[in-house]
């Protein structure tokens, strides 16, 4: 495995230019990319640092090539992410990245795309949706299957109309616990896979969500006839460096940060199913 | 690689080598007795080097007795090349990032470390060169004078791992003490320069025979009950082995094995806010046996100790090969000696393999 | 007609260590009742010390008080050493004195600066002083912090140090470790001198009351670790017989016992007592400063205890410097001694006064019985009497002034209620309302 | 930004933990610019009434009066941080919890009938919801400061929860257990002190209480192998954090 060079752990600076409240515990932060940073690709992530608080890996959830503005969508899950709730526009953040391999969009050209996401798994796939919308003719049909715990947890609700206006798109939403206004599907996102009519030999599936959800989704897909080189998933592990050094993110021999976070299933399947690997 | 082949001299000339290193501006690090153990420490003179002792190492036990050959203590070169705590940078209240630059200074020489210690540096080279700044910088101007082992300890298995008891390459000087005789070879320009100042002559038949027998005897003891051929594959094939469950009946999850391991490189980063509004980020060693190692917000990838212990074993003997093209274990036995309950890694691996009934 | 009777009740005494309250009742221009109530919960130390191994006793009794743990460690260690027949060597003794003096500095500074001085200057906390006189606060805090470093170097940490044990220390404390402290000792000496001078300029209230001051008597040095128990009224006894000379007393409103000299009355322990009984043993530099401000070998009232504390602080800084110079590393960190049954008692000078410990061990080294008499409980009755001595002033005051003065009197004694309450025969009471 | 309103409460304890705030000395001057000690009996007379943003609680709950009081503290505090072994596991006074209180009272009190104490000394968490813990006997002043500074930055404060052994090795100590055969609770005790005791050549006595995933029963087995007597093993665990669940598991094996 190839090792990248120069893995300085010192951050560059970036300024938050816009903060959007997504849900009760999720916000999106728009910021300008530091000059020396490459423009991230869909599925890559960055290490964001809050002064004196800590650093966390966050996927890029929106990319604007022209003005080098990118977005990160953060769920307040623990110590550092909790402090994100107080970050406002104008604030400075530390930035390192982009890191890892993103989604294999080049392979997916002319193929149908099946995006399966759960919870905070949608943000890393949002740039894929944007990409398909932008270069609509490059890709086949687009299926977006998205599940959240409750309707209140659905991210980017205001954007669903845009998604639906994409040609040849299907958007399927589901929640675990509906409220009285909810008229959509109820249940886990994997249930939606059965309903999709797609030719596995002409499609790619990109999955991102909690590991347990991904496992069920993969089983569905395999049953549907997907080959393991057509299924890509974005893994998550504890990360302290993002550059294959701190060791925490290993899954088997792979550093999720460096060799992933997006992996083709065949590549990791030897380890992926092993309990507590 | 040896540039000179073997020569003989007198053990007293070790002092000359030491003094030359000092005069060349090296900070010399070697084993010295502090409290009741051999510790790797900066030495001013050869007087400070440990002498006339032997370390008795057994699973979970360590002591020093009078003797004339010793191996090591809880420290390894990692302590100097990849320090336990390292300030990465400071951020002022106004958001100026001040990188800790003092960390790159000086020339370092290891004196009298053992072949397994040297091997551990070679492993770290694969992991850290051009990746970790401090390591890369220090490594560029570092010297190693290695002492071959004429007697191996009870927890040693360098011969199995192919790292000892004789160092084969990557040293500046390698020497072996045979009574008052010194068998010595140079492995670098610097080594040649150092030997050049000594009175040496090519090794004679008798001494060579003596040398060869001594090393062979040491090697025969420094063995585990397994072979490394196919080891990665065999361990991975038996990844579900119940042996890991058995082992953790004795395991405290205390991470001492990780901490004393000369190649364990995992770290955690601490954020230290200061009262003046500035902040520091500090890198500290972490280990895969530590509970929080694979814990994430709202979840845990290895909540059970057997899984963390398994990761340790597989990382050392299987994953490492894929990651860095070498084993992560050099057979120094530190994790066996310094385990408070004396868990024997050699036994674990042997049992896992035996469980496969091959 | 308005009632002639009035009362103040301070529910939580502030700037004291621990929890206490004060009740003063005045009827017909006479203080009719003063009750210094201690409602700190009893912690049963003597009860659970039974069955503990002798080596554990210093660590356990240290937890009676976080402000003077070293005092507990030293009194208990010495009492037990007597049973085991251990005589520590000179080096160990020097180390003990250094860490103990470090505790004096730390504790005295806490009291002088943070708890007591605000009373003299009409502030409610040190913050007021910091605004008025940042310099003295800065120096004071530096001193306190140095006192803590002294404890930290020898003890590992200042609250509940971990290195001290029966027979000595867990490891040899290296000379060079101590020498790190010398670096600042000259500056600290100057700060301590400045602090003493500052204290000597405070306006100190008058109070006349005839009291018996009990302390250890130093022989060649100002007493700290040992000495005969003496008083200004002729008491002169060995520490072993101390219990025979004092009698205990209970009051319903306090969880703490009180003490009086058998056949006599209440007495006062602490810096004031030490000072009055050992003035000539204070370092000459200290006496010089004191005398240049017109004070002398006898301090006459409890308000002046702040002078004694400041003087002892200066003395301690000078003494530590000397002791570090004298220190050489001992051959072994501690004496083992032979485990045997027996009884041993010892008194040392805690920052707040004499601290008595007695232990009885069985043949295997387990505690069978113990008794601990901490300084604060010995002072409680005197505090009340001091307030009564102010009768004529107090009765004329309005309530808030009255309360302030009464509290000031309490704080003169630096009462440590945590200490006072840990101990045997505590009575729980319902507080008067 | 308005100053953080902080209260310091005391229950059954030795005062050592709250003293650590005052031991901050030089930092203290800066600290009071950042936060307001609105209630701190040991340090100031003036008391600002609640509610408090952050309440530090020292000491264990050992009398009926204290039960009432801790409930009041809960009502008045947005966030409660228990500080020290007393407040996080019952502390030294919880040693009485194994004993017969009646017998204890009779031993200690001439008038046991006046005594109003609970059978057990318990950490406040037994009676009210506690948000954070800062361990140690005493809690370290560095950790207290760090807690406050982290909290002020809107972070959920993180203090180490791993075993002491890691800190012990980071500090470069020699392992007293492996070298001297000295029983050491480090492998099951929470880090935070910097491995003080081993650095002074003695075994850790567990004053920070159990670490996360503390494997006390394994250490117990190790101590038995070292031929420690049951009573000795019991006393080792039965110290300042003896009443914590993990340490109790060993203690109770020998009761």
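When the chains are written out, they are named A, B, C and D in that same order, and each has its own residue count from 1.
Quick note on the criterion: contacts are C-beta pairs under 8 Å (C-beta built on N, C-alpha and C of every residue); 3 or more make two chains touch, one makes a residue touch a chain.
This one's a predicted model, so the numbers in the text were calculated from it and none came from an experiment.
Peer 1: More C-beta contacts across C-D or across A-B?
Peer 2: C-D
Peer 1: Would you kindly tell me how far, in whole Å, the mean C-alpha position of chain C lies from that of chain B?
Peer 2: About 52 Å, centre to centre.
Peer 1: Approximately how many whole Å separate the CA-defined centres of chain C and chain D?
Peer 2: Here chain C and chain D have centroids separated by 25 Å.
Peer 1: Where the centres are mean C-alpha positions, what is the separation of chain A from chain C, in Å?
Peer 2: 64
Peer 1: Measuring from the mean C-alpha position of chain A to the mean C-alpha position of chain B, what distance in angstrom results?
Peer 2: 40
Peer 1: Where does chain D touch two or more other chains at once, residue-wise?
Peer 2: 149-150, 153, 201
Peer 1: Could you list which residues of chain B touch at least two other chains?
Peer 2: 271-274, 286
Peer 1: Of all possible chain pairs, which ones touch?
Peer 2: Every touching chain pair, ordered by label, is A-B, A-D, B-D, C-D.
Peer 1: For the complex, give me every residue of chain D touching chain B.
Peer 2: Touching chain B: residues 27, 30-31, 34, 145-146, 149-150, 152-153, 161-163, 165-166, 169-170, 172, 174-175, 177-181, 184, 186-188, 201, 211-213, 215, 218-219, 221-222 of chain D.
Peer 1: Considering only the defined contacts, which chain C positions touch chain D in the complex?
Peer 2: 12-19, 39-48, 50, 52-53, 56, 59-60, 63-67, 69, 106, 110, 114-115, 118, 124-127, 130, 137-138, 141-142, 144-145, 148, 156-160, 162-163, 165, 169-171, 250, 333, 407, 416, 418, 424-429
Peer 1: Which residues, counting only chain A, touch chain B once they are in their complex?
Peer 2: Contact set of chain A toward chain B: 1, 3-11, 13, 51-55, 77-79, 81, 92, 94, 210, 236-238, 240-241, 243-248, 250-253, 255, 270, 274-277.
Peer 1: Spell out the residues on chain B that touch chain A in their complex, using ranges where they run on.
Peer 2: Residues of chain B touching chain A: 88-89, 91, 95, 97, 99, 130-133, 236, 239-240, 265-269, 271-274, 278-279, 281, 283, 286, 288, 293-299, 301-304, 307, 311, 314-315, 318-320, 322-323.
Peer 1: Could you list, by residue number, the parts of chain A that touch chain D in their complex?
Peer 2: Touch residues, chain A against chain D: 50-54, 78-80, 82-83, 85-86.
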